[in-house]
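The following blocks contain the structures, represented as structure tokens.
Two complexes come next, and they have one chain in common, subunit A, joined by subunit B in the first and subunit C in the second.
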Partner chain A sequence: MKKKLNLAPVFFVGPHVVLFIVFILIPTIYGIYASFTKWNLMNDPVWVGLDNYRTILFDSESTFHVQFTNGLQNTLFFVVLSVPLLIVIPLMVAVALEHKKVKMKDFIQAIIYIPGLISISAAALIWSLIFNKQLGITGNLLGSDTVWAAHQPYAWIIIIVITVWGGAGGNMIIYRASISGVAQDLYEAAEMDGAGAFRKFFSITLPSIRFPLIFTFVMTTAGAFNVFGQPLMMTDGGPQQSTHVLMMYIRQLAFGNGESIAGMASAMAVLLGLVILIISALQYYVMNRNAS
Partner chain B sequence: MSNQVVHKSNNNPNLSVKHIGKGSDKSISKYFAYIFLIVLCAIFVIPVIYGITTSFRSQTEVVSTGFRLFPEKWIFDNYVTILTNTSTAPILRWLMNSIFIATMHTILVVIVISVTGYGYSRMNFKGRDTLFFVLLGISFFPGVVNLIPSYKIIDALGWVNTSWAMIIPGLAGMGNIFLVRQFMKGLPKELDESARIDGASDYRIYISVIVPLIKPILIVCALFSFTGSWNDFLWPVIVYTDVEKMPVTAGLLLLQDIYGNYRMIGQLMGSAVLAIIPTLVLFLFAQKYFVQSINLNSGIKG
Partner chain C sequence: MKRRLVFTLVLVFLVTGILAGCGNKDEKTITFWTPLTGDDGAYMDQIVKDYNATEPEIKVKHVITSDMYTKLSTVLNSGKGVPDLAIIHADRVPGYVKQGALEEMTTLLGAQPELKAENYLPQAWSTGTIDGTQYTVPLDIHSNTMYYNKDLLKKYNAESFLDDNVVTIDEMLSLQGKLDEGDYVVNDALLGWVILAQIQNLGGDIQEDGKPAVNTPVMKEAFESVKKIADAGLMTPFGEDGYLMFQSQNVLFSTDGTWSSTAHAGVEGLNFGVTNIYSTTPDKYTNRSSSHLFTMMKNEKRTDEKEAGVGSFLEFIRQNSMEWAKAGQIVASKQVNESPEYQNYMQSFFTSNEKEIESLYIYTYEYYPYIAEAVDTYCADIVRGNVDIDETLQTMQKFVDDKVAEASSAN
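And then the complex of A and B:
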């Protein structure tokens, strides 16, 4: 009897545990291990200790060091540019949508959300047309003769526009659901005291949606560090490697043309992973502390 | 829109609030809200419309007339060309691959998350919560670290250039299981307890009691899984080298070269449009549940 009872949990939870071990746990451990090796994906990895890390971090002569610092810089630049917009714009939309007198709320919500359903490669084709100097808006309406993808700061503008366009909808829905859950009597009481729209936003709305704000901030930042598709499709890392992000280097080293340098790529991946972990933890810690 | 009704009913207190205080302040903020929303909606929707309408334009019209939202003359040649050009850009093949991958992945996700969610929320076994939180904790580790070894595992399983490479690994994630577990924990205990007293097994309770109740959250997870799988980009670019086997997102990357330099803009846009349609249709169907279950999802609220 008891043995029968013990089998059911294995049936319900077991298959996923196996999937988790095979596709998350083992590759994660192996990825960390591989970062200490010389590995080309084909032969067995050869242990080299901290060599990869030393090269990447300190050997200024090495191309890996140059690639890593350039890639990390560009990635950080992307994070700093995109994350505030991916928080503020969706928040403004959600607040505007919760305005009592605004109509067609769900229609507007759908319009803002739809770009998020479009894959980065399809979106890139469409936006390349928009930014095309002969055919698109920039050439025809703005009268600009510049090939946007080939010049800064336009190359970054393209990447940020397509990122915000595709990413705003998800956060907006979270904010909207959260704001609509804020107790209405708080607003009523504030109105009695003569509070205006701004005061209500900063004193009631923002503190009430603290958790979703922290949640989306941490998730959006972590996601932004993995940026890959937008620069690959829109600028291919150019001009002069200024939009060549770390994920592009990692993929190139591990899976690009020529001999795979998967060990070095793994070390870069671990370093990127560490940056993401540290920044997520810091964000969580600081925001949680400030709020309470 | 159907979900307007849903949202309003959820928001009833919102509507019944009387407007006390500064009336003028309210109408000004209303106009600000409207202007902001209208401008943003235009920015968000124009690229989609321009992409769609350009797929119905001839090359000469695109090049000669410049930016114009709607074509002078609607043509379908672009679609005929992309659907019949099977040698260099087999987009029909790619679409079929994507449909197979995303559908299989979604079905399996729904099975795995509902079964596993049941295990973690409605069953009692030793170490249940420890196991759950250990897996959840590990899954917070940034995925970039397991990217390269994941390829190696797919290679070892013989799944490179097969659909399994995209269908199976994504099932291991914890995000959806977390959501489903939260949702199931909110269901009253009496439901399965009375069934259990009647002698029903866990399998039976799962199928006939729990699954019907968690339909909304399963539909939302299914939508996320389908669009996530459909739009995945980095992974397919890594695991597919065979043009015939790849999903449409990876295929579109090749199109940049094949139809490159904007010699065939209509075809490029037509291909992008074809790649958008399935997720768009799915979203329109699932929208109702979408708003519902996120409003219900108290886990996300502060």
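And then the complex of A and C:
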């Protein structure tokens, strides 16, 4: 008997595959190709092999090397500061929201999630006003003399605050969904054995949600490496280039005011991609092994 | 079977009809790209609407394009979707001409005899002239300018600063120790433009023998002059929004753009006027400017009819761009900027006499964008004394040289 071909999965998956190929795969491949060229977006790319990479990585006198190392350092600093907060705070909130005594759980969840829906430009504008010494809450109500965007560590603090404010909600939703799926009899058995809240959290909750944890950790880290809007809008890379992250340099090179230096920008982007790939693989390997 | 055939035929008919309609419509429409994503986009929309209401043979479709220069690169590279007309900024012209991206305006200007240098502000027109060929027709000059708070000037007895229309740095310094806490003499809005103006005031330039000149005595002097104001505690604090501080009436002078006058006018109780950017010397003042220019990017598919349509549209703008004055811009057309109605607009100050017109300075050096980028990147830290000036000027020079070398090698 002839088996009937089931086309339904094709219709479900097909659009995503097409969009992935058109908007992710082809640009990525072209970007990798462009990184081996001199290219100004207008003329045809000229193949130069590893020249761009050599300049970025080894020519310490070059502006592009200086920008790459400074941008990568600042980006790594942001990742180290923001990722733990974007994991721990949503996890704590999710655990708290699962407690029986907490009322209006969905309302609280919505309040925490809503900032993530606001565009980074609007969010930055709101927080710039909040942190404005002359006009904002910090200066007028709290009496703070600090010009937040002009000095460290305050410049990083305002960037981290807006990041956590806008980014915590997404991870919290994932953790809540995962925690609600943990079998209740495990907690009941632990309680009968005299386990307290901390013991239950570390011995039941955390191991039970290890895969969502690994997923959010890897994705949050990858996302943090792509930070762009917050430092651009809040500090414009200052003071003294200390919050000038790599994505800002890449964009400036590719689409800045002068003639585009897209080949060099692509090479920086590929190197950033490699850093993300290596760190993500390491995270997955270490966390998965520990979880096992 | 029959039903399927009929359905297929109807579908083919419809698709063909729609595509044919599109093609036909495209031939009768001038696609006009602008980067006017702010309030000024609405004013341009109105101008286009007014033009289309005159029932021209070919109508204009205004497309506000965010990130326009990136999109222009893409369409020029592929040759598909190139707009018939675009507005670009003055500092883009030399680079585009070098890359062969701009169409000469020779034929179009021949067909529209009033589109000529004599009918426009000279700087705006000449910005589009490269090696004797005209590549653009100007819409405006948008300049760095200095707003002042009339009430604060009176309060601090500083109205005399405006007597000769040149507020000098020494005059500003004379207010040291006389201001209430929280008040400042000047903000740091568009600080990079202010520095570039001082270079002209000091008789310098940003190029020497065609090469970028950043690490120069005159650049150092320009920075040091402005730094004196910050050192005296008279400039709004680094990191604070000096623009908002002017609107909240804590700042006497705001070095802003002509286009901000409409926003300032919307602030209740802000009693303000406009003058030239402060200067190191009373003898010379410069208002660093740019210009919005109409241009046709290279496009083989643009028909002669469309080019003629573009000419008609630009002639309409020359005669009817009062609407553009509402956006706070200095309209380039003399017919407009010399008319009595235009004198109602604040920016008419900058075309009120020859000296003011001359003060509007547009940098046309090919590598100006890289120099402006370097100045913008480092100016705040230099002026606030956060970095060593000599060391930073060296870094800036290297910054520009490396980018120029890299960009040149891609051509």
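Couple of notes before you dig in:
Throughout what follows, the second predicted complex is superposed on the first by the 269 of 292 C-alpha atoms of A that agree within 3 Å, B and C clash if a C-alpha of one lies under 4 Å from a C-alpha of the other, contacts with A are read in each partner's own complex, and residues count from 1 in each chain.
Keep in mind that, in the parts below, a residue touches a chain if its C-beta (ideal position, glycine included) is under 8 Å from a C-beta of that chain, and two chains touch if they have at least 3 such contacts.
All values derive from a computational prediction rather than experimental measurement.
With the two structures aligned on subunit A, subunit B clashes with subunit C. Using the contact criterion defined above for the overlaid structures, shared-chain residue A:R210 touches subunit B, although it does not reach subunit C.
Touch criterion met: A:A34 reaches subunit B, while subunit C stays clear of it. In the superposed pair of complexes, A:Q240 makes contact with subunit C only, with no contact to subunit B.
Touched residues of subunit A were counted for both subunit B and subunit C, and B has more of them. In the superposition on chain A, A:V147 makes contact with subunit C only, while subunit B stays out of contact range. In the superposed pair of complexes, A:S60 makes contact with neither subunit B nor subunit C. Once the two complexes are overlaid on the shared chain, A:A269 sits against subunit B while remaining clear of subunit C. In the overlay built on chain A, none of the stretches 6-14, 60-68, 186-194 or 222-230 of subunit C clash with subunit B except 60-68.
Under the contact criterion defined above, the residues of subunit A that touch both subunit B in one complex and subunit C in the other are 41, 132, 134-135, 255. The residues of subunit A lying in touch with subunit C in their complex are 38-43, 46, 61-64, 128, 132-135, 147-151, 155, 235, 237-241, 252, 255-261, 263-264. Partner subunit B is touched in their complex by these residues of subunit A: 6, 8-9, 11-13, 15-17, 19-20, 22-28, 30-32, 34, 41, 89, 92-93, 95-102, 104-115, 117-127, 129-130, 132, 134-137, 139-141, 165, 168, 173-174, 177-178, 180-181, 184, 187-188, 191-192, 194-197, 208-212, 215, 222, 225-226, 228-229, 232-233, 247, 250-251, 254-255, 262, 265-266, 269-270, 272-273, 276-277, 280. The residues of subunit C lying in touch with subunit A in their complex are 67, 69-70, 73-74, 76-77, 91, 95, 99, 101, 182, 237-241, 244-245, 248, 250, 367, 369-370, 372-373, 377, 380-381, 384, 386-387, 398-399, 402-403, 406-407, 409-411. Against subunit A, in their complex, subunit B makes its touches with residues 1, 3-4, 7, 10-11, 13-15, 17, 19-22, 25-26, 29-30, 32-34, 36-37, 40-41, 43-45, 47-48, 50-51, 54, 62-63, 66-67, 112, 115-116, 118-120, 123, 125, 128, 131, 135, 138-153, 168-169, 171-174, 177, 201-203, 206, 227, 230-231, 233-234, 237-238, 248-250, 252-253, 255-256, 262, 265, 268-269, 271-273, 275-276, 279-280, 283, 287, 290-291, 294-295, 297, 300-302.
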